[in-house]
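Shared between the two complexes below is subunit A, which pairs with subunit B and subunit C, respectively.
Right after this comes the complex of A and B.
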């Protein structure tokens, strides 16, 4: 099926080129049949990409090593679940996944707007097909997933990178890519609106669900990545300002800014230049994120020259940036605001400030991420900035962001008055003051930024609670419903508003977790022998015994060797049970390695011992000292290389298994000291809970409004408006 | 052989799909397009009216500001409904 897969991609490229031409011709001449044909080209792109993806997926599932990609990224020992998802562990598979998601989302939006946005949609289709053509061309000419394995097809593949054998890692890339590709939709419609000079709020309304969905998926992807690094990488944390993490955070930040500022355009017809610039920047950053992940440019500047993707991506990004600037500049007159800012004490002003903070965060992260490239370009030496540099700028900006997320929903549109301020801010400020004093007395004053963050979070949560209560009370005045029913009905009828408030509450909770875990963590690296103990963060940990096991795959072949440790945990003299942490060693397929040593020269993953709780997490990862096993491993290599020629393969395999069993037994019986990283972090669980609240809020905001609102009535217009907009309170 | 059949089937489907509007000719249903656009604008206007009312009830819009805003929004909604009904008739 290699030929069929390759042909599908060539066909997809042809369809993209045709669709771009048809859409532009239709838009220019007003011939609807060509516009429709161009739109259908997007559906056709989705169809051909689905077929190509299914062909590749089937090859992975049946371990068809005739596909070079399957040989390099899967094996018969790879569990079926990971075989199914190994497709996007490769460069080529990732690009194909990107194209698949782009074509599916593009089809959905163009189908949804087939009877609307007639002037804008054809240009948007052309832009989306342009992205499609770019990625299809990469797959056809540079990174084909349908290359045949040269020579004799081996019976076994290289296998999936062990670091990627984690459930969240398998969902994480599709989530990130859904976010990236969905952000291409508002980008494309913004370009369409600029070209067609239809710069009212209609294109924003039509693409809002896609923008919010992009924000949602990218957010889920970022959190899953954080969870993966916390539990699998053994970094000792959930965030490391890694370039790839940063790459996904940047468009999420500008997307967040856009979702806020666009409300001002809808309500007041203001900030049109800013909004269109934000959405274009978000689209560019989404492509930049893909570029950073796929090119490896930031791991080493020298990888750039070697990467086949660097130049094409740079050309695309340059075209997007240049084209965006030119379009916005040429439409400056049409983008003029309908109104001006009435007062600096208004919701519009707070949203604007919030936008500046979000964009400021993005700029800081951009500079920190690209600093190695910039320093190498200027000084010839690669220098990078670490977490302390990021903290210096990010902490104050994050504090300001949380403060603004509390003020925004409370302050009036257009102009806040003293009466308004007193009525809306008294309770949240009172709660915040109480929280500040209480926490300072409890000892949080030792870390001022954390104390400020807790105070601001209390302000946000009290404000959101007050808003919900006032809305419920207003509803009850009219309906007389009991409180639970009134709350549900209120949220149902105002999903965007209360979904948004829930997102703000979740962000406050999430930042409480981040502030507590980064300010009050207790971390130590200790070297222990069995029987020895260490005390960290009030926990007593005793290294009880080592563990050592050979782990077979489902087909009976040896998959990995696990060396680990059982740790007894106690606090205040009370036993809390046992923590198990392991390091897994996966064999390397390097042809020059010995049969025994190859098990210690491949990838190694950490299985973290984690005791998570509402108050704090106890986290530990072991690094066994396998150096002391080195002489035995080398001896094993020598014995096997000497006898390799004389022994039949089956017998050699049995002997190797016996030798490895002896090696693990030796480690368990006479273990060398092991190094443990022990981390006690308060309130990490609240980061995950905060993220879940954020996503629940986003889902509420995304859920379609009841269609009853759109019912047509025969009565007088004014009465209809009154009836169809009723919020169950007297007008 | 299977590859060839798959490729031919996909190619045929793509050609049929993409050339459909060119063969049939796209109906110029401008009314449908305008109605969809007006209905979307009407729903958005309704949401604005409800938002303003809730802002007023929760103390973020003064009585005077709300009345002025509500009057303007309702007038815009009425205009949208008029245009929608004109399309229907």
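Right after this comes the complex of A and C.
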């Protein structure tokens, strides 16, 4: 199977190279058969990549340690779901996933546009195949996922990193990669439109669902990563301005800007240079994110170390940036706007300002992320900036963004009048003023940025609610439907508009959660023995008893040892139940470690005790002090290395299990004090709820409206009639 | 005001805002950044009170003393190490041999870690070095 996998990748590379040539030749000479052949090369790339991926996936599922990749990233004790998803925990597997998603999305868009964009699509196909060739070449020449394990194949693998054994972490990479690869689609069509000089809004309309889907998937990936960080990493935060986090946020921000500014091009033929530059920048930033994650050029929580990929990625990025600048500069005349901005008090101007804020956010994050390299280049000394530096710029820009997200949908196109302003802004401003006064009296004035954010969020939510109510009322006048039916019918007929409003509402809710949890959190690190208590944020936590357990895998082998604590929770003297938090210790496969100590020298993960609620989360993680067990562990190592070494494997295994059972019983009976991080964080749940609202809004906006479906069916019918007529009529 | 003049004024305002933002970015990043140092660099020249971002590998033999963890960080490729004391929760992947990043301030002979600044690198994601 290793050979078959390698053959698929080599075939995929050949298909890419052929497809690029066929598409470009077809586009230059106008020969349709070559264009179609180039498009079919994309389908063939998808086919070969699917086969390669299935071969590798099957090897992971059956724990075939003859595959070096499976040996390094899976084991028989890894649960089945994580064996299936461990493929993208590796460099090679994640690159293969990138290629798979790219080829599938590319096939979909080229199939969807096979009878449209005839001049643009061949160039877009060549660009998409160019990306395909790049990633296939990496897999063939530098990072093969189909390398054989040298020497004797071991019976057990290293296993998936326990930190990654979390459902959201396993879904997070495919979401991110879907976002990155989908952003390659508008990039490719923008390049095609520039080369073919077809710079109207048609390519934007055709690729818009893909751009929105990319934005959706990348957003889901970012939120899943934040959720994983909050519930798995044992530090209680959800965002740390780590370069890898920033790498995913930058294309999402420019993608957001693009989704807004294309509306101006569609409606008024303006901002063509800006739009095409944004979409090209988003494509470059998506690749830059992939490069950052794999090059190891920046200090990050992620140890990548794969510097062999740095140079090829740099070459690709340089080609993308250079080519983009050259294309935009050479087509400047064709990109001239059809209209000019009529007034600064117009929806166009607000959208433009919103774009500038989003791009400003991206610039700040870019500068902060790459500052170590910039600093070294200028001063010769590597230096970095931390979260306080990011917050200094991000907080005011985020406040502006939320304000503009409330103004945008309320202000008129072209030129706002005083009557328009009074009609649309009076209620939201009134609600915002009331919220501001109420919250200030309630104590939020101690954190002015948070108070401003709450006020702006109230403004946005009131504005969106007002728009929905006005639309519903108008519909009811026309149709006489009851309110729920009128709301559903209104949204069904204007999915893009009301989906967008829902996204704005979700963003407001999300920012309320971020502002509250980052401004009013109460946190303590405390060391407790059983029976002792601590009070944090009004909650009384009592360490009731320690827990200690050996956890077997589905095949009966020991997967991990859990040491934890049961905590009794009370508030205002009222019992709220028990919180359980654990630290899991996974065995190391290091050859130098003793038979007992290897269970405490491998990876460790935290199982957070979480009591989530609308108002606040009570979050706690335990760090057991296993230092007092060290002498017993070392003694166990000595015993098993000396006398037990001569025993048969089965008997030795039984003895080792008994020793570990004794060790855990010892911890449970005579526990040393444990360190607890206790965090009372207000309104964190609002972040996840806000994100869900955003994604629901995006899905509504993505779903084709009945009118669009009817148009598409009519166009399909007309095309078929046209074809049949052409066949039947003699020349 | 005639439209051409209006556009010029708008352009000047927009460019001024961009220049201001860029100036603030450059100024604050250079003044608020902490310099990245290896243990050997810190061992030879570290000013008391200044914050440095220390990067290196954890040496075997770290110990916990209540909520304070005492450990030594050595050069990635080398044997020079410096003592660090860090108060607070230790990240799950922290152990001997792992790469860490921590903001430290020199106090006497010891480097004291800043609260919540200790980062231990996630060890298995994309570890190409395993192959070699």
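FYI, the second predicted complex is superposed on the first by the 690 of 731 C-alpha atoms of A that agree within 3 Å, B and C clash if a C-alpha of one lies under 4 Å from a C-alpha of the other, contacts with A are read in each partner's own complex, and residues count from 1 in each chain.
Keep in mind that, in the parts below, a contact is a pair of C-beta atoms (placed from the backbone, for glycine too) under 8 Å apart; a residue touches a chain by one contact, two chains touch by 3 or more.
Quick caveat: nothing in here was measured; it's all calculated off a predicted structure.
In the superposition on chain A, A:340 makes contact with subunit C only, not with subunit B.
By the document's definition of touching, of the two partners only subunit C reaches A:372; subunit B does not. Once chain A of one complex is fitted onto chain A of the other, the partner contacts of A:603 are limited to subunit C, with no touch recorded for subunit B. By the touch criterion defined above, A:28 lies against neither subunit B nor subunit C after alignment on the C-alpha atoms of chain A. Contact with neither subunit B nor subunit C is seen for A:557 once the two complexes are overlaid on the shared chain.
In the superposition on chain A, contact of A:43 is made with subunit B only, not with subunit C. Contacts of A:393 after superposition on the shared chain: subunit C is touched, whereas subunit B is not. With both structures placed on the common chain, the touch criterion links A:308 to subunit C but leaves subunit B unconnected. Those residues of subunit B that touch subunit A in the shared complex are 2-4, 6-7, 10-11, 13-14, 17-22, 24-29, 32-33, 36-37, 39-44, 46-51, 53-55, 57-62, 65, 70, 74, 77-78, 81-82, 84. Listing the residues of subunit C that touch subunit A in their complex gives 3, 7, 10, 14, 21, 24-25, 28-30, 32-36, 53, 55, 63-64, 66-67, 87-93, 95-96, 99, 101, 103, 116-117, 119-131.
Residue ranges of subunit A in contact with subunit B, taken from their complex: 1-4, 7-8, 11, 15, 18-19, 22, 32-37, 40-41, 43-44, 47-48, 51, 55, 115-118, 201-202, 205-206, 266-267, 347, 410-415, 417, 419-420, 423-424, 467, 470-471, 474, 493-494, 496-497, 705, 709-710, 712, 717-718, 720-722, 724-725, 727, 729, 731. The touching residues of subunit A, when paired with subunit C in their complex, are 68, 72-73, 89-91, 94, 143, 147, 160-161, 163-164, 233-235, 293-294, 299-306, 308-309, 340, 344, 356, 360, 363-364, 367-368, 371-372, 374-375, 379, 381-386, 388-389, 392-393, 525-527, 583, 601, 603-606, 621, 623, 625, 627, 675, 677.
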